[in-house]
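After this come two complexes, each holding chain A, first together with chain B and then together with chain C.
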Partner chain A sequence: MMNIYKAPWFWAWVAAFAAFGATWSLSAGGGGGMALLVAALTFGSFSVLTGLGQMLVITMGPGNTDLSIPATMTLAATLSLKLMNGAGGVWIIAGLLTALLIGVGVGIVNFALIRLLRIPPIIATLSASFLYQSLAIWSNRGLRIKPPQALADFTTGRAVLGIPNLAWLALAITVVFWVILNRARFGRRISAIGQNPRAARLAGVPVASVTAATYVTCAVMAGLTGFLLACFSGGAALNMGAEFLLMSIAVTVIGGSSIAGGNSNVPGIWGGALFMYLIVSMLNSYGLGAGVRLLSTGVIIIAIVAIASGRKARL
Partner chain B sequence: MIRLALPVISLVVLICAVFWLQPRAMSYVGLNLLFNLAVPIALATVAQMVIIMVGDIDLSMGAFVSLIACITAAILPGNPALGAVMLLGCIAAYAALGALIEARQLPAIVVTLGMSFVWGGAAVLILPSPGGTAPGWLTAVMKAKPPLVPMAIIASIIIAAVAHLVVMRSAFGVRLRALGGNARAVSRAGRSTIALRAWAYALAGVFAVAAGMALVGLTTSGDANIALRYTLLSIAGVILGGGEFTGGRVSPIGAVIGALTLTLAGSFLSFLRLSPDWQIGAQGAILILVLAARLVVRQAEKRA
Partner chain C sequence: MTRKGLMLTAAVMLAGTAAMADTADKKIALSNNYAGNSWRQAMLESWQRVTEKAVADGVVASADAFTTAENQATEQAAQIQNMILQGYDAIVINAASPTALNGAVKEACDAGITVVSFDGIVTEPCAWRVAVDFKAMGKGEIEYLATRLPEGGNLLEIRGLAGVSVDDEIHAGIGEGLAAHPNFKVVGSVNGDWAQDVAQKAVAGILPSLPEIVGVVTQGGDGYGAAQAFAAVGRPMPIIVMGNRQDELKWWAEQRDAAQYETMSTSIAPGVSTLAFWVAQQILDGQEVPKDLTVPFLSVTQDTLDQALKDTPEGGVTSVDYTLDDAKKVIGG
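Up next is the complex of A and B:
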């Protein structure tokens, strides 16, 4: 406990608290503290879910980034909502399974391109994402299908302690990720690959299957986030995932994970996600236009990445 | 030269396929229509190629070209001095990005992804809704009708020649390629890698500014989203043209040919009456196919 300020996630949380205080004091004399917290936890959850997947991929070392997250979210959301078509009961489970299976499929395609065609991950996931996007456009045809009422209620509800259900769900998944990364063999292997792929291979780490599992996990998280986001916002939209590409990378880096790989940090993801949401809502409460908001979001992210990542090996 | 064989063959095959589907394209007007939009794409592709040459990748190319288009359409006609200063400022900003990336050893993908928000925001501020006009001289250049050969083809040849001279034949270009090939050797040889990466980004910025201006010359108006697909197109063009992601191995002439091929592929797909839903997906698929073909060729070479 003595050295808590040395933990990589510490500064992300400090920044999140500072941003919370600043935004709160701006919003109508400090009345809407709880509302602000609920909003930050809700929207932060989506960033956390995509960020956890992206963090695993980034941890595998330089060049590993999944650029297909937005397209995967859109595809999973579109197809699962189309399948459920607003019906409840068993269809909800079918819809959720569809979204997760699309994630599995996308992950396998991404990995196959990277492994079999030896395409750099960035190019592979980028070009494949255009195929996923086309698939989503083609299946959607501009229709907006409403999610089942039960799911809409769940994703917007606050059943326990007034904390959004989504935040509880994201918290549970975060704990699972923490255990996997810090206590399980799989997590150790990801870090080993990120620190030195050659040494990892010589030490007997099955690099191919770990890489495959990582890309599949990332895509499954994207699929799940797309599913939840569509239920939360009343339907799938073609550009619904757009902001989550930069967001997933930003929360990973702000949270204290090394952008050069080999070192991941689960608690920091939450600090980064809350900070990013609060910063954007602070800019909103100044009443700034869309242009200034976009511009400052980009500048803030680059500034944080530049300060946080210091001089580390880049390849 | 072998590096150029595959891009040239794919362009020729595609041209034949288009002529076979649409014989009327085999004319001065037809060729001009087919390749007109290739000019800005070729410029953006050369810009992306310079970035890839130094070992980075630019995910903000589309947003940046859109911003340049907005400046060109909204400010340049009414206030040429201010417009010129802003365009030069954009090139300087690109150079600063290169210096930042090298000095702090940041991954270019994160920085350029962040910059795509900055360029997008700036473009919305300058031109909130689609509009503006192209400066008269720019339209005159882009829509000129030289005898015998259409303007689009002449422009492509000029772009390829200039890029080839700067990147492959000048001492400056050799130093930039060395940065992508072996940055450590460059710094041991007493060159500042920060300055070199800044120069590389500045060079890319010059080509990207030209791309935005050429685009406005053709469309005669600007829009903050006008060129967003250029990010994928430019990366695809570089790969199609035989460029590789590591080691500073690129081909400027190949990049221009790659851009022409991509533009033609778009027309080809619409001649085939492919649903517009699949246009973006088709470009992704072409990219994957080319990379797969290259792998097959390379493995066949190894076996031989």
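Up next is the complex of A and C:
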């Protein structure tokens, strides 16, 4: 039984609560806290969904990072919204399937570049992302097509307990990821590869197929996030995924997963995602300029990672 | 000589015959640093539409567009050097940086190439600048709000991408406007990066800590996101200055029909690339053109909203393709 403050995700949650309290204390009315919480859960959900996929990839060890997440989000969102063209019913299913299938396709291409052409993952996913981004530009020239009303209502709605629907969806997917990583053979294999790929291979782990499945999962999560974000914000935009490149990595690391791989942490993703949203809100609310804001964000992230890893080192 | 060239060019424009203008054998290149948003896509489409016709009409020999992949000054400098080697007569630039390309631009000038920068301009003296008075745009927003809200009030400012000169200039203009109208006070400021989803996210985060807001000053591409954030928490809708995006205009029209909502919308038209094209053509034609030109804004008011909405492609940006006559007007001051 370990003390809770020694858990890798503990400090991300502490920081998120602190940022929430600091912002809330400024709000004039009593309702401000609820509005801030709803906003943090809504926008945090997108970071969680991309972060979960990125976490799996990072867990596979040094050098494994998927830099094609932004382009995949844009491509999936652009093509699925174009297909639906605002129509409801069966078209919503078709749109969702399109977004997920694009994720599958992207994951396979990424893996093929890494495995068959032996290109390092960072280079492979970055260069492939130019291809995906160009496809998105070519397919729709950056025009914003409105999502079907039912999807817009769902993604902006708060049907149960006043919590955003997106947050419930992200929570459900998070639970699935927790089970996969901690209870299923697939998750154990990812961790084994991350800890020592050679030992994993010798122990009979099918490294190639596990790697392929991981990159596909990550890209499918990116496709799903792009689809949801476009429905939420009223259409796909060519630069819609830009901030999720670093965000997906940041929430993974702040959440207590090891950047060197082999050790992942699902609850920390939520702490990291909420923190990353709340810290910007907090610094905005205190009226700090963009320069100070970026600087403070960087310093605080370094502090959290340092504190969290310091605790681990003494275990 | 120059007058004859002008008349010939005009004749070509009017008649569309195969008559040769003085610039008929000239090659013009567009060096563009970024294509990843709807404004830039509209800009490239406008360039293609206008230059295709100009080439077909025999006004110029070719007008090719090139975009760098990474939005970086070093990459664009290399691109310009390639254009020098390829022997273009004029290079039209939307620059990644106002200063970092100056070396490459100087090389082009020294090789006898006409360089015209627009939107993202360069400071190198040998180049022409088709610039937007972004300060006036920021100041104009406050002046508009002053006519609507004589008693003043609290404002929210949505800024663009931190570190880009356009953001600083619009912000400075808003500052000038505030100095002239001290009854307005900016109580909150966020960076919306000229993107609806980023603006929505940032505004939703700062709103809980803000008092009542009467107006939102923006930089374009962020008004719809701001409106969504206000609507999501059920706060009274302030006057949000829009930036000519179709989703902004559509939302505005819906609010007008539902609740007599009134605002204004202003931005630089993506078609400014075609204005720069005609300016380059005029310089090649031997015309006297001042080095610093100012582009007019494209503004949409309550009265022109329906027409603008009709003319703007679904999901696009309000634009205008400039003509040779427009360019002459701008050159004439």
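One rule holds in what follows: the second predicted complex is superposed on the first by the 281 of 315 C-alpha atoms of A that agree within 3 Å, B and C clash if a C-alpha of one lies under 4 Å from a C-alpha of the other, contacts with A are read in each partner's own complex, and residues count from 1 in each chain.
In this text, a contact is a pair of C-beta atoms (placed from the backbone, for glycine too) under 8 Å apart; a residue touches a chain by one contact, two chains touch by 3 or more.
Note that this is a predicted model, so its numbers are computed, not measured.
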Contacts of A:V299 with chain B and chain C, given as first, second, both or neither: first
Contacts of A:A39 with chain B and chain C, given as first, second, both or neither: second
A:G287 touches, of chain B and chain C: first, second, both or neither? second
Partner chain(s) touched by A:N239 [first = chain B, second = chain C, both, neither]: second
Partner chain in contact with A:I259 - chain B first, chain C second, else both or neither: first
Which superposed partner A:L135 touches (first chain B, second chain C, both, neither): first
Common ground on chain A, meaning residues reached by chain C in one complex and by chain B in the other: 130, 133, 137, 289-291, 294
Complex contacts: residues of chain C adjacent to chain A: 35-38, 40-42, 45, 69, 159, 162-163, 188-191, 193, 195-198, 200-202, 204-211, 224-225, 228, 232-233, 245-247, 313-316
Chain A to chain C touching residues, read off their complex: 23-24, 26-28, 31-33, 35-36, 38-40, 42-43, 130, 133, 137, 141-146, 156, 229, 232-235, 237-240, 243, 277-278, 280-281, 284-285, 287, 289-291, 294
In the complex with chain A, residue positions of chain B that touch it: 57, 59, 100, 104-107, 109-111, 113-118, 120-125, 128, 232, 235-236, 239, 245, 275, 277-285, 287-288, 291-292, 295
Chain B partner contacts - residues on chain A that touch it in the complex: 62, 65, 67, 113, 117-120, 122-124, 126-131, 133-135, 137-138, 245-246, 249-250, 253, 259-260, 289-299, 301-302, 305-306, 309-314
